[in-house]
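Letters are used for the chains, namely A, B, C and D, taken in the order the chains are written, and counting of residues starts over at 1 for each.
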Amino acid sequence: MPVDTKRLRGPEESQSPWLFVEQEQQSPPDEREDGRRKGQVDVRPIFARCGLVSQAKGSAYIESGKTKVICSVYGPRETERKDETDMKFGRLVCTFRFAPFSCAKRCGWIQSTQEKDLSMALLGSLHPGLCLHRYPRSQIDVSVLVLENDGSALAHAVTCASLALADAGIEMYDLVLGCSLRQEGSDYLLDPTFAEETQEPATESTENRGGMMVALLPSLNQVSGLLCSGDLEQQPLVEAVAACIEGCQRIYSVAQRCLLTAVKKKNPPPDG
Amino acid sequence: MTMTSLQETDVLSSVQPITVHVITIGRLASEACAVNMSPWKVCVPGERLCSTEVCKAGSGTYIRHSFIFASLAGYVVKKNEGEELPVISVARETEAQLLPDVNAIVTCKVTSINSRFAKVHILYVGSTPLKNKFRGTIRKEDVRATEKDKVEIYKCFRPGDIVLAKVISLGDVQSNYLLTTAENELGVVVAHSEAGVQMVPISWCEMQCPRTHAKEFRKVARVQPEYLMP
Amino acid sequence: YLHVALLFWQQVILCHCTLDDLRVDGRSCEDYRYVEVETDVVSNTSGSARVKLGHTDILVGIKAEIGRPKLDRPNKGCLEFFVDCSANATPEFEGRGGEELGTEIANALYRVYDNERSVDLKSLCITPMEHCWILYTDVLLLQCDGNLFDAISLAIKAALLTPSKIPKVQMMEDEEGTTEIELSDDPFDCVRLNTENVPCIVTLCKIGQRHVVDATLQEKACSVASLLVSVTSKGTITCVRKIGGGSLDPESIYEMIETGKRVGKALHAPLQDILNKEESLGKSREKVGFIG
Amino acid sequence: MAGIELLSDQGYRVDGRKPNELRKIQARMGVFSQADGSAYIEQGNTKALAVVYGPHEIRGSRSKSQHDRAIINCQYSMATFSTGERKRRPHGDRKSSEMTLHLKQTFEAAILTQLYPRSQIDIYVQILQADGGNYSACVNAATLAVVDAGIPLRDYVCACSAGFVEDTPLVDLSHLEESAGGTQLSLAVLPKAEHLALIEMDSRLHQDHLESMMDAATQACKDLYAVLDRVVRDHLQEVTTSIGE
């Protein structure tokens, strides 16, 4: 639904109400708000389910804390745009979107630069896990919609998308699992909530702060995606990557179980 | 990954009891029990199935460092086909997405023709319907096996015909799938006359309308019994 | 994007050579190609720089314009990035062909530069919530020969480092209470950005068992994945990102971060030296540009 | 006229030039190694880059192919920082599409396209800094690039703009002179034969003045020709000596 900005214009000199919302400044306590501990590989419980979207070739839904992500996979279908690499490998197309109501502020319908960037990161993370050489001349579409964003949206989007791809019967080398982390000084918060992701520090010092997302192929032990920005020394950075990898391993069993259930529900065991 | 891991609860270490979570455990635990009843082993992509010394890799698997891994989520099937090693593959009831491959027999519908080639939409690969349309091209020289230079596309295909063809190449950047009908068993299987009635083949190159008895030219296929739909 | 076809034996040779810390062009794994930097090449920008790295040729122009601060940071200015992959580099970029690569690079640049840690954004604010300087950083790709990110980051840093012509501003208030912005007339009376923490990007390409910096297009064609690491002059890592279609094992990621930090930290000093030298020459400096 | 005196009583222009004087021209051929031909030109503060790829197989749909000659494919773009106010897009707007078309027409007239049937020649020009006379700078740069690529030309194409102020034709207008409004003429000629490759004039001019304006512009193009010729010869000298070593 495109919005006609010309008609909904405020007075010439106007300010967004968001500027006047009181910023809650609270010094972060040792305990995290939901009772998880800092510096521990402590991910939120995950509920995952495949096959919700009947129209799609495959789909998955993930809920972790208040973060809710849904993903559907279409294809393989014939590519519209072709170049040399499409002749040998399939083309993977990822779209990452925040639903307009998913964040504290309403998101626009038009894909923002942030969403484009996250789509690219999603593509980079999923790409190594797929056997794209089995799908020459064709295209696989993955679209992820974040229904509610309470932190770590990209990480859960990666996990969700790989479940949906597996549900669609796309051949994969391995599942792809994602995990996020927020570094605060010497502590890290694994699988941060939205508040933890965005909170301003009590102190001015910007030493060792930053966010990170790691995507892992768990049984091959390969990192397929790494996205980190902040201000980190080498040592904490390396430790943070290791913590994320461990976090990914923790959600492996949930992902496996989700797929097993999906397979059994969809297909009765073959005869003979 | 073995079946025992299904018994693990969904609880990840040190989790506070949140309502959503409790429901999750309940739901999954009951499903896990049901799952365990089945004697079939289910695998997920990336799961190591066995060494290449024990089995041969079948469909839905790939080989890495001389081990066979699953590339699909589905049931693990081992089959002995009289050879030394059994073939291990991963099966899904809904067939894995088939793509037209070289030498595959495809069923297609003619969408447009000109003097050099006929354009078609591929509808079936073997007997599996495709979810999405794929476009293909039958060039003039690939229509018949003999007298290639005398072929006229207008006398072989008409838009709307259903054609059996074989994939000869995946084509290049500019072209679509290249198909051939240069075999006795390949060619037009269903065609309608100008009166709109399905025609019956009367020779290798002619079909006749049962109502008007008008004859039209086609590259007629001798349909093999196994391709006939019941 | 840029597609380089290598024969299989060429790939084998390339991978084997790298194993012995010797690359096809004679460099070791941590060597950069010859880099040329020149600042102030386009006179109607606030800052500009041209960087040549091997055959890769980048022109960066920064224009400061007054705009509105972003909603989520009302008391800071911001940087805007645009990457023009011009048809100059390859005919494939003609029309809209270069757009995809352009947005990909621009998005990565946002992550690296558009934050408080890299650039002192607060000094770009004129009046909170109303006016701030927006630095439009436009990257023009003239030739591609691999390692675009590193070359672009060098050019951006150089362009930011030059005495940027951001005029001083004064807020004038007239009797009706409306404020007006007045730019300083004196061309030498301008704000200079604190560029101490502006990072440089090091892209590490994994080839075979080892990783190399500053990969050429041929080397890039042999590599499965690369890691982009942005490092400040103090050795702090501000951004890490995996790019390319493949995956990396954790051990090599740790090694690559280590190399990236070491190489990146070392990259700053010579760049700073060159820029200082250029600045000390002032007007007497002979401009090379594209002539000669 | 918008307040500024474009021509002083003494007969000098705003930047001190005489009416028929060109701005300082500096040019270089072979700036890039990956392209088949490339050149850079500075005319005063206007800076332009041109690269040439080809002749090569036709890209995209083959239906564009001409059986008896090569097709010329151009793209004109302006760096986003080239103008005083930042441009939002480097190319694709109406003005640059028009410029693209003009360039294409100009070089179709000059390149011996019949030597390369069924092929394509790409000419891409980029304005790095705009200070008036963008079209002429592009044509001149492109000429050098085409020569650098070794593509046969009928003759050099030299382009120059001209204006008309106080009964005097001015040549090689700067941005200031262009934006003052008033008649403007762009001319591209093949100087040896004095063939016109392109001529474009907007706004009103008395017919009596047209000839003097054309003469001034043609003469300016011939002056330009001398400069470009010098650049080409110097470049060739340089290349041949380096081969000889």
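The rule we apply is simple: contacts are C-beta pairs under 8 Å (C-beta built on N, C-alpha and C of every residue); 3 or more make two chains touch, one makes a residue touch a chain.
Nothing here was measured: the structure is a model prediction, and the numbers come from that model.
A.B. asks: Note down the smallest number of touching-chain steps it takes to go from subunit B to subunit D.
C.D. replies: 3
A.B. asks: Determine which of the two chain pairs, A-B or C-D, is joined by the larger number of C-beta pairs in contact.
C.D. replies: A-B
A.B. asks: Could you tell me the distance, in whole angstrom, between the mean C-alpha positions of subunit A and subunit D?
C.D. replies: Taking the mean C-alpha position of each chain, the two centres sit 51 Å apart.
A.B. asks: CA centre of subunit B versus CA centre of subunit C: separation in Å?
C.D. replies: 48
A.B. asks: How many Å are there between the centre of subunit C and the centre of subunit D, using C-alpha atoms for each centre?
C.D. replies: Distance between chain centres, rounded to whole Å: 32 Å.
A.B. asks: Hunt down the residues of subunit A that sit against at least two other chains at once, touch-wise.
C.D. replies: 84, 129, 217, 220, in rising order.
A.B. asks: Among all residues of subunit B, which ones touch two or more of the remaining chains?
C.D. replies: Answer for subunit B, listing residues that touch two or more other chains: there are none.
A.B. asks: Considering only which chains touch which, how would you classify the arrangement: line, ring, star, complete or other?
C.D. replies: Its topology is that of a line.
A.B. asks: If I apply the definition of touch given earlier, which pairs of chains qualify?
C.D. replies: A-B, A-C, C-D
A.B. asks: Please output the residues of subunit C touching subunit A within their complex, sorted ascending.
C.D. replies: By the definition above, subunit C touches subunit A via 3, 71-72, 74, 103-104, 106-107, 110-112, 115-117, 129, 225, 227, 235-250, 253-254, 257-258, 261.
A.B. asks: Which positions of subunit B touch subunit A when the two form their complex?
C.D. replies: 1, 5-6, 8, 10-16, 18, 20-21, 24, 28, 31-32, 34-35, 38-40, 42, 44-48, 60, 62, 64, 69, 71-75, 77, 91-94, 96-97, 99, 131-135, 170-173, 177
A.B. asks: Please output the residues of subunit D touching subunit C within their complex, sorted ascending.
C.D. replies: Within the complex, subunit D touches subunit C at residues 26-28, 31-35, 40, 42, 45, 47, 49, 51, 53, 59, 73, 75, 77, 79-84, 86, 90, 92, 122, 124, 126, 128-129.
A.B. asks: How about subunit C: which of its residues touch subunit D in the complex?
C.D. replies: 42-45, 48, 55, 57, 59, 61-63, 65, 82, 84, 86-91, 94-96, 136, 138, 140, 142-145, 289-292
A.B. asks: Spell out the part of subunit A that touches subunit C in their complex, as residue ranges.
C.D. replies: Checking each residue of subunit A against subunit C gives 15-16, 18-19, 84-85, 113, 116-117, 120-121, 124, 127-129, 206, 210, 212, 217, 220-234, 237-238, 241-242, 245.
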